Every structure is written in structure tokens, then in C-alpha cells.
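Read from first to last, the chains carry the letters A, B, C and D; within each, the first residue is number 1.
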Amino acid sequence: MDSNIKSVGVLTSGGDAPGMNAAIRAVTRAGIFNNMKVYGIYRGYRGLISDEIMEFKTNSVSNIIQQGGTMLKTARSADFMTEEGRRIAYENMQKHGIEALVVIGGDGSLTGAAIFANEYNIPVVGLPGTIDNDLNGTDTTIGYDTALNTIMQSMDKIRDTATSHERLFFIEVMGRNCGYLALNSAIASGAEAAIIPEISIEKDQLAELIEQGFRKSKNSSMVLVTESEVTGGAMKLAERVKKEYPQYDVRVSILGHLQRGGSPTAQDRILASRMGVAAIQALMEYQRNVMIGIRENEIVYVPFKRAIKKDREISREMLEVLRISSI
Amino acid sequence: MDSNIKSVGVLTSGGDAPGMNAAIRAVTRAGIFNNMKVYGIYRGYRGLISDEIMEFKTNSVSNIIQQGGTMLKTARSADFMTEEGRRIAYENMQKHGIEALVVIGGDGSLTGAAIFANEYNIPVVGLPGTIDNDLNGTDTTIGYDTALNTIMQSMDKIRDTATSHERLFFIEVMGRNCGYLALNSAIASGAEAAIIPEISIEKDQLAELIEQGFRKSKNSSMVLVTESEVTGGAMKLAERVKKEYPQYDVRVSILGHLQRGGSPTAQDRILASRMGVAAIQALMEYQRNVMIGIRENEIVYVPFKRAIKKDREISREMLEVLRISSI
Amino acid sequence: MDSNIKSVGVLTSGGDAPGMNAAIRAVTRAGIFNNMKVYGIYRGYRGLISDEIMEFKTNSVSNIIQQGGTMLKTARSADFMTEEGRRIAYENMQKHGIEALVVIGGDGSLTGAAIFANEYNIPVVGLPGTIDNDLNGTDTTIGYDTALNTIMQSMDKIRDTATSHERLFFIEVMGRNCGYLALNSAIASGAEAAIIPEISIEKDQLAELIEQGFRKSKNSSMVLVTESEVTGGAMKLAERVKKEYPQYDVRVSILGHLQRGGSPTAQDRILASRMGVAAIQALMEYQRNVMIGIRENEIVYVPFKRAIKKDREISREMLEVLRISSI
Amino acid sequence: MDSNIKSVGVLTSGGDAPGMNAAIRAVTRAGIFNNMKVYGIYRGYRGLISDEIMEFKTNSVSNIIQQGGTMLKTARSADFMTEEGRRIAYENMQKHGIEALVVIGGDGSLTGAAIFANEYNIPVVGLPGTIDNDLNGTDTTIGYDTALNTIMQSMDKIRDTATSHERLFFIEVMGRNCGYLALNSAIASGAEAAIIPEISIEKDQLAELIEQGFRKSKNSSMVLVTESEVTGGAMKLAERVKKEYPQYDVRVSILGHLQRGGSPTAQDRILASRMGVAAIQALMEYQRNVMIGIRENEIVYVPFKRAIKKDREISREMLEVLRISSI
């Protein structure tokens, strides 16, 4: 179970997610623990091309486990989408003697990793780092639990004022065509409903949903909406409701970029630590072109192709839990 | 120094603010401590008219000091703007034997209190409850410190992602024509600048400010903007910047209603407790038509007329501190 | 799949745990949703005996999902350990027409539930409510994730001062002979080691562990210790270290009861909501004497007998992750 | 109002306090803004002797305003207590061309600063950095507001469990013979009483206080105790109460070192920013041997001698507010 890999580079790419630093820390230390040289690559694939590469020691990653964002920075790189860009990237790896890569990011980042790995026959392992939890083959992604708690805490604050004023709030959260974050946030924050891309909502249902919210002795109502073309977003929905139900005191809140930041939760730090250790393990086992996933609390290897295929289903049980617990 | 007041009603009115519950608790307990009957009036002046009034005991206000919002709810009342409405309000007070009022709210609420107090010769004492800190005669208002910390914590999260991506962020905060919240939030969060209604900003200054943000080795930039007609808001400003400086990766975040909620900070709970105790004290001293203020850490009585006169000045020292500490 | 149960009582018992309120809310609403009458029983089994029972409506549980502790209070009841006590409890249930019980608590509470259920042939379903995560048949318990995050956040604060002063800290956490909480907290907070009841630590290992902590460029060291007779606790351990390694600046922190409180995390609220809905579902399916568990993210029914059997194993993978990521 | 000072060193000394980083940032940037060279001195006076000194640029202090602890580390130095130690310190300053010092710390640190300044005729300005708020001539110190909020948040958690179990809690907080922190924490957290060094408590009062706590419908009771020889600490007090009032379910919690850490509050960051800017200003105005203080929201200069004289009084108003609002 030993490998010949003597050096590995680690980078973060695409949208940042809380827990990326914990993942960088675990990759770095697991690499060094297993007698590899570890290189931090700054600004994602862009830095691989512009040669922003630095050797890391165990203390290069001290005191970062609790920090949001990514100490390696992240960027999107148009150059890496070109053959020429990837060639320079490869040459830089050779120059530093970097034999393998660990890429932390979402589906775009893993897609890029797959192309690069195939083109130059480089061992690449991916870690799922995205708040959207929209990757396949893993129950959860690094950053998702923190974003969920950040949204929930924001909703707790909004509930204070919603309840004091007896209002109807539409709150827009991130998710990129994936309602997972909105649905679970709605359950966690005691919201009345979640309007998500996976389930189209008819005009009558919206009416029912809103009336249910104010039914009986309920004195405020919060509806989560996924930012998405399908749902139209919270602003459009609120406009529609204001027109059709002028009796309600409607307000909109778009949570925005604060959902991406913040000190990671325990779950995200533990997940990132496990996955970071597993990534080095995978490389030592001659795995490549796989994303580290977690299924039923066990580490699994997910082929890139399967990870980035979009077919996550929304859980019927969770829809039911939301519907029942919000009556 | 004793008074004949044997019963007092307490209500919250206008926009809610964190710490209102701590104020209700202190008013209630100080009233009972001084052998008064205390009545909780729900939904502000509206509940005074619709007779939503309940006698409070010491344990009616247990376990609320830490809660955001207001347990008494709040509302705006068009009826109270009419003579007829105020007459019914007065009759309800007489029915319950309520001799005096403590009103917790912002300038609109205190204006209403002043009219009512004069019309029916009722002892009324106001407490400044608003996150905007836009009342006169008091250094700070109940709710301001919590809102300041809420904004700062949101900005800490945004900084994580701003730094990871090297972006320019415009963040809009509340304040209603008062830049106090934006300016202090900017200092507390290490932002580059605050665009506030009190100080008009020329096009050249905006350019300078933005370029300064990205100068040298700074890798992200955050600008606070007060929600106001004068500033135009964060969205408009960002549009302008995007057009004139297309090289920047500009993002906007509108913090919205979460600024009003949340468990109050220590400062707000202590301030509310002191002011609540002082309100009862003021009534016992035959004070009326005054707002309780805090000046230089001492409780003061501020005539309503002076409290609601808008002439707060922006501190030159604070502008200087922001300018110097963000280089 | 329908049942004849027309009314259900819900109680919390034993040590309180964050998320109990979310569970009470879900049980109440799922009961009402399924046309049952729902009764809140105060102070656990003690209130069942002293008849502190109240019918709940959907809004009896409004605005509690975010609150720590338990609105139903909890208590330990010596009387319920007697036949006479349980007879009175049963008579009270009959008086109110309560046909079934949902008991939220740890192993002691579930043991009591099992005895009572057998004695009077009452349908009883348990929910695992304990921060210790020491029940069998479920991957996690209500309250565990919140306690984990509370510990982690306390450790983040301690790290600030530990790093500034270059100190060795022993931090004692709860767990009652179960090292799960300490081990996972150690990974999440970037601690150097966890001393847990499941793994005896030899003197030499302690030395190695401490020296490792200060090795190379590490500038502070934190060791988690489970409160337990086996480990001896943080204080005893620190005494030993101070004597044998006088060169270290050793400090102790016993986190204590704050670990039990606080607003529940998203995971705990979601888990409690799912389990509360599932408890009513289980009763409708004629399940009884089972605890609701979660295994591999699916709801399962665990016979009481199995749930309270202590044989949880400590995860080798997690020990490995801690060891590697803290080098 | 210009000075000849061309370079300044900044160090943190003694116990760390949240906001020290914000102060370092402001001193650094204000120095550079005013065309000085700025040197960061690591590990307090110890680093001044062992020459751990580094020139700082504006970006040396980027992204630290939100971090607890001190990036410059802190230490106590026995050597600096000797003439020989201070001589080496002075020589190191001369070697680097450092003409003036800004010292951030508590009374011990300022005492050392005063001696050094007099001995070598060096311009030294102090900033009050301590959570204890036990310095004279300033209304508040850097770190105090954060510690106050940290204690309050811990108490909010403890209240959850105290209320659920109906218990009497003694909670010990820091303060070093100064009850300021305990008294204000008690008001902020809705505790029943504060036992502080400034006010001796008779046996009868303790009884009254405890009985008051459980009187009427109060269902839990929390008493804050300053860690101090005078009070005896929470543990001793609890022992006494357990013996004399065996009917109460008494628990103790010692908050410990977590009180020193954590991301600083807005007040502490703003205070530290103002004071840091003011320190450079003071040096430019030929002030020396003064501590920067804040009085009635204005920056003041306090001679070292006066700052470290212990005669802070406890506020009668605050004692009254606590007594009334906790009935």
C-alpha cells in the first residue's frame, strides 16, 4: 500500500467555502507525515500557470483550521481552459518536481482537474469544497454545514424582527439550481416553506402556503427561496405576492456573500480533516481521477465523471418534515 | 422624592431593536420594586387603542433579557395619529387605572408620545430604542451596539470570501440618513471607507478611494454604504463603479433586516437595564415628557422636543481614525 | 399504516440537551398533524407523577426551535423508580386520556421508559437526547453536534490566549465514560491530543505526546480530556505533567455546564425535527419500546434494550486523523 | 504639532486581551501614515531584550483586526526587571534606530514602561490592554467589552441548563481584585447577584440573596463571583452554601481562560483603533510617559503614575440596577 509519490501540490479553486483551510492543513500534514514534500499553490489553476508555488512545512498551516476562506486564495482561470495554459501549468509542476495534485473545489474545478489529469497522466485527487452540496457521490461537501448554520443564524435574527412586526419574509439563499441548502435551512430555522428549483410551485400552492403561514395563531412567516432562474428569486416572488395579497406586510432579504464566509463548524472541520488525510491516502493507493466523498459516514472514492454528473435528488422525507413541523 | 404614581404601562413602538426586551424587564421590575402595578401593552399604540393590555408580574419578564425583538410586539398605528384614536387610548388607560406610560422606540414613537402626553396630561417617559442611533441628547440608543456587532460579524464573513477572491465589495447597512452606524461599522470591520449621507462624495474621491483600496499589497476592499436617498445605496454605487472601473471584480451585499435582530450585546442589555430603572425613577421624580438618555456614561433626562430634533453631527475624529487605520 | 392512538404525551428527562425544544416542537406538530391530542408533561417523570400536564396546540411550540434547554423542564425522579410512583404516573395518564408517550432523554430516561412501558403495556417511543452521544443504534444524538461546536468555539478562544503565551493547556470536556465528544472536539479544534476513557495512556505516551506538541515550531499545545474516573480528569493530569515537566507553562480549563446549553446547531434542529416526526410515525405503525435512531442518514427504530447497551466503539479512523493532522 | 520621531516600536506585554491586534494595526498604520518607520517587537519586553524585532509595513497588519490574542505574542520578562536587562533592551532599540515605544498591556506592563522610560529618557506611550478594566484614568480598557460579552454568552448557555433543571449556579469570572467585570456581567446576563471583592458579604446577606433567587416563581438562580482572595472564589462559596442550604441543587462553573480569547467586539476594535491612532498622535505632540485613556468618549492622556494607582470605585448605580432588575 505504499506509493512512489514523493511530492504533492495542493490548491483551492472556484468559489471559496468554509473548511477549505482545514482541508489544506490536513493535506499538508498528511503529506509530510507520509514523507512527501508538499507545495501550496496560490490562486488555483491561475497560480499553477503563473508559478505562485511555495513549499509548505507543518507549521505553514498552523492556526488556520478555524479560519474561513482559503489561505491559498482562489480564482477562476480562463487560461487553464486552454491547452497552452495547461501546458505551462504542467511545466511548472515539473520544474518544482510536483508529481501529484490535490484540488479542492466544486464541479467546475473538478472538471478542470479531470481534463488536466487525463492530458498529462498526472495523479489528481479532488476534495468537494462548495457550500452548495451539489456534487454526486458524497453525502455532504466541505462548507455546506457552515453555510447551513450561517443561514440559520441569519434567519434567527430575521425571525426576531419578523415576529415583533408580524410580517411575511422571503429570504433568498445560495444553491445554484440545487435546493438542498434552502430546504434544510428552512427546517433548521423553522421557516414555513422552501421554494426550490427541483419542485415547481403553482400559483395556487403559493397562495395556500402563504395562507397557511398566517393561519391560526401564527404571527409571522418566513419562506426560503433558492437563488435560481427556475424560482425567479425572492424579489420576483415577493413582487407577485404583494400584488396578489396586498394585505400582507411583505419583506425581502437576500443573504448574499456572507453565506460563503465565517469560521467553519465542527462538522466541516472534521470532514475536511478526514478528507484531507484520505486524499493523501488515495494517492498512496494509486488512486487517481477520484474525488474523496463521504457516504454513510465512511470515506469513499468517487470517479470524477460521476461526481460532476448532476442528478442529486431532493429528499421526500425532508420535504415532509418541513411540511409537518411548520404547521 | 416619592411620587403618587401607582401604576404604569409599558409599550414598544416603531421599528424593533435588540435590547427592547431587557428594557421591558427593567421597567417592569423597577415598577414592582417601587410598589407600582405594571401593565404590558401589546403592539405599541395600536394595542393601547385595541386594549391588548395585561398586568405583569416579576416573572412575566423572566428569561427574556437575552432575546432579540420585543415580547410586547410592535406596530405602527395610523389610528393613534388621529384625535379619536388617542381618545380611545386614553379611555383604555383609565379603564385599567394606568396613570403613566413608558414608551420604548425611535423618534416617531417619541413624537407620538409627546402629543399624547400633552393632550391628556399624562406622565410619559421615553426610552431611546433604535439601531440607528439617530436621537439627540443621548450618546447611544438601545439596539445600536448589537446592530454594530451584527454588521461587523457579517463583514468578517464577507472579508473571508473577499480576501480569497480579491474583490471589491459594497455593503449596504441601515441608518436612515444617519451615517453613524456605517462609519463605526467601517472602523470595526477594517473596511476601506464609509459612504454616508452627511458627507457628499465627489466622483474623484470615489476613484481615489477605490484605487487606494487596491493599492500596494491590499488584496480586497470593502466599502460601507448607508441605505439612504443621499448616498443612492450600494447597488447604484456599484453600477457606477463597474462602468467606470471595469477592471475591478465588484460585488454588492445588502445586509437587510438581519441587522435588526439577534440576542443583544452586553452593552445593550446593560444600557436597557439602566434606562428601564431610570424611567421609573424619573416618573417618581415627577419628570414627564422626557426621554432617558445616557451622556458620558451618566443617565440624563432629555426633553422630547430636543431628543427628536435631528442635528447629530458626525465625528471628525472617527472619520480620521477610519482614514488612517485603513491605509 | 394507521393507528388508533388518539393522544400522546411528550416529556424530557435527565440531563438537558440543545435541540430538545426542536424535538418537542416536531412531536407536537406531527401529533396534531395526524389528528392526535398532544400533551406536554413538565419536569419529566416527576411531572407525570405530580400531574404537571397541559394540552399543547401548534402555537404552544412556536418560536422555540432556536432555544437551548427544554421548555418542558427536566428533572430526575426518585419516585418513578418505585412501583408506587409509576402507578400514580399511569393513573395520571389515564385521567388525561393519554394513550402513548414520547420520552426525550439519555440512557437513564430510556431505561425508565422501558420499565414503565412493560409494566403497563403503554406504547412508548424514545428520542435520544444527550450531548454525550453514548447511545447505541444511532450514529448521533440530539444535542451532540451543538455541544461539539460549543466546545470547539471555547477552544478557539483558548487557542488565542494559548498561542499568545505559548502554553500547554489541558481542557476537560463532558462525556461520561465516552470519549466520542473529546476525540471529535480535538480534531475540530486542532488540538494535539485527546485523552479518553477508551484508550489507556501510559506515562511514556503522555511524555511523547507533550513533547510532540512543542516540537519544531509549534508554539502552543492543547490536550482534550474526557471528564471520567478512568482519565482522572484534566486537573490530575496537569498536576502530573507539572511535576514531571516543570519546564512547561501548564494551564487547566474545565468547560463545565456551558457545554449543555446554547441555541442548537442546524444539524441538531434538523435531527430533532426528523426524529420528532418519526416518533409519531412509529406510534402510528404500532411500534413501541423503540428509540428513534439515525443510521447512515436514515431513520431507524432501535429496541430500547439495544439502545442502552453500552458498547460503542471508538473510531480508529478518527484517532488516526487526529494523530496525523496535529503533527 | 510635528515631532522629530522617525521610528517607533510596538509591543504587547502581560496577559493578552482581545483587541490587541486591532491596536497593533492602528499604531502601525498611523505611524506609517505619519512617515515613521514602525517596528513590531515580539514577546513583549522579552523580545526587546532577545532582539525579536521586525519592520512592519501596512500589510504586515492586514486581516488581523478580527483576531483574538496578539500576533506579536506576549510574555512576562524577569530580565526586564533588572537593570542589565533594560540596558540590553535599550541597546537593541538603538541598533534598530527605534526612538519611541508604544506598549500595550495592563498595569504591570505600564509600570515596566515607566521605569524604562525614565531610565533612558525614551518617549513611551501606553495603551490599556486588559480584560479586567482595572486601570485608572480611563473609562474602559481594550479587551474589557469582549470579555464581558464572552462571559454573558457563556452565562446564556448556563441559563439554558440552569432553567431546565432549576438549579443554583455559582459562576467564577476573572477580575483580579476588581469586581467591575463580575458586576456588569451579572447585569447583562440577568444573574441574581455578584459577589465582588469591593463589597464584603456577610453570612446573612448570602442567605437572603439565595432565598431571594428562589423566591416566588423564579426557577433558577445564577450568582457571579470574582476570582479573588477576598471572595474566596466560586468553589469555596458553593461549599459553604451546600453545607448550610442542603435543599438547593448547587453547581459551580469556573469560566477560566476562554474569557481572554475570541474575536474582539465592535467596541473593542473601535476603541483599539482610536487609541492606536492617538498613541502616535501623542508621540508627535511630545507627550511621553502617558497612557492613552478614554473618558466620556474623548481621548485623554493619563500619566503612568495615575493610571496604575489602584483606586477604582464600584458604581453605586450599577449595584442598584442589578438589585432592582433581578427581583
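The rule is short, and it goes like this: a residue touches a chain if its C-beta (ideal position, glycine included) is under 8 Å from a C-beta of that chain, and two chains touch if they have at least 3 such contacts.
Please read these numbers as outputs of a predicted model, since none were measured by experiment.
Counting every residue number used by either copy at the chain C-chain D contact, over half are found in both chains.
Centroid distances from chain D, each centroid being the mean of CA atoms, peak for A. Each chain gets one centre point, the mean of its Cα atoms, and the points for chain C and chain D are 36 Å apart.
Chain A and chain C have CA centres that are 28 Å apart. With centres set at the average Cα position, the gap from chain A to chain D is 39 Å. Residues of chain A in contact with two or more other chains: 156, 159, 163, 219. If you draw each protein chain as a dot and join the dots that touch, you get one closed loop, with every dot joined to exactly two others.
Looking at which chains touch one another, you get A-B, A-C, B-D, C-D. By the touch criterion given at the top, residues 25-26, 29-30, 32-33, 57-59, 62-63, 65-66, 139, 145, 148-149, 152, 156, 159, 163, 184-185, 187-190, 216-219, 263, 265-267, 269-270, 273-274, 276-277, 295-297, 299, 317-318, 320-321, 324-327 of chain C touch chain A in their complex.
Contact residues of chain C toward chain D in the complex are 12, 16, 18, 67-70, 73-75, 150, 154, 156-166, 169, 219, 251-262.
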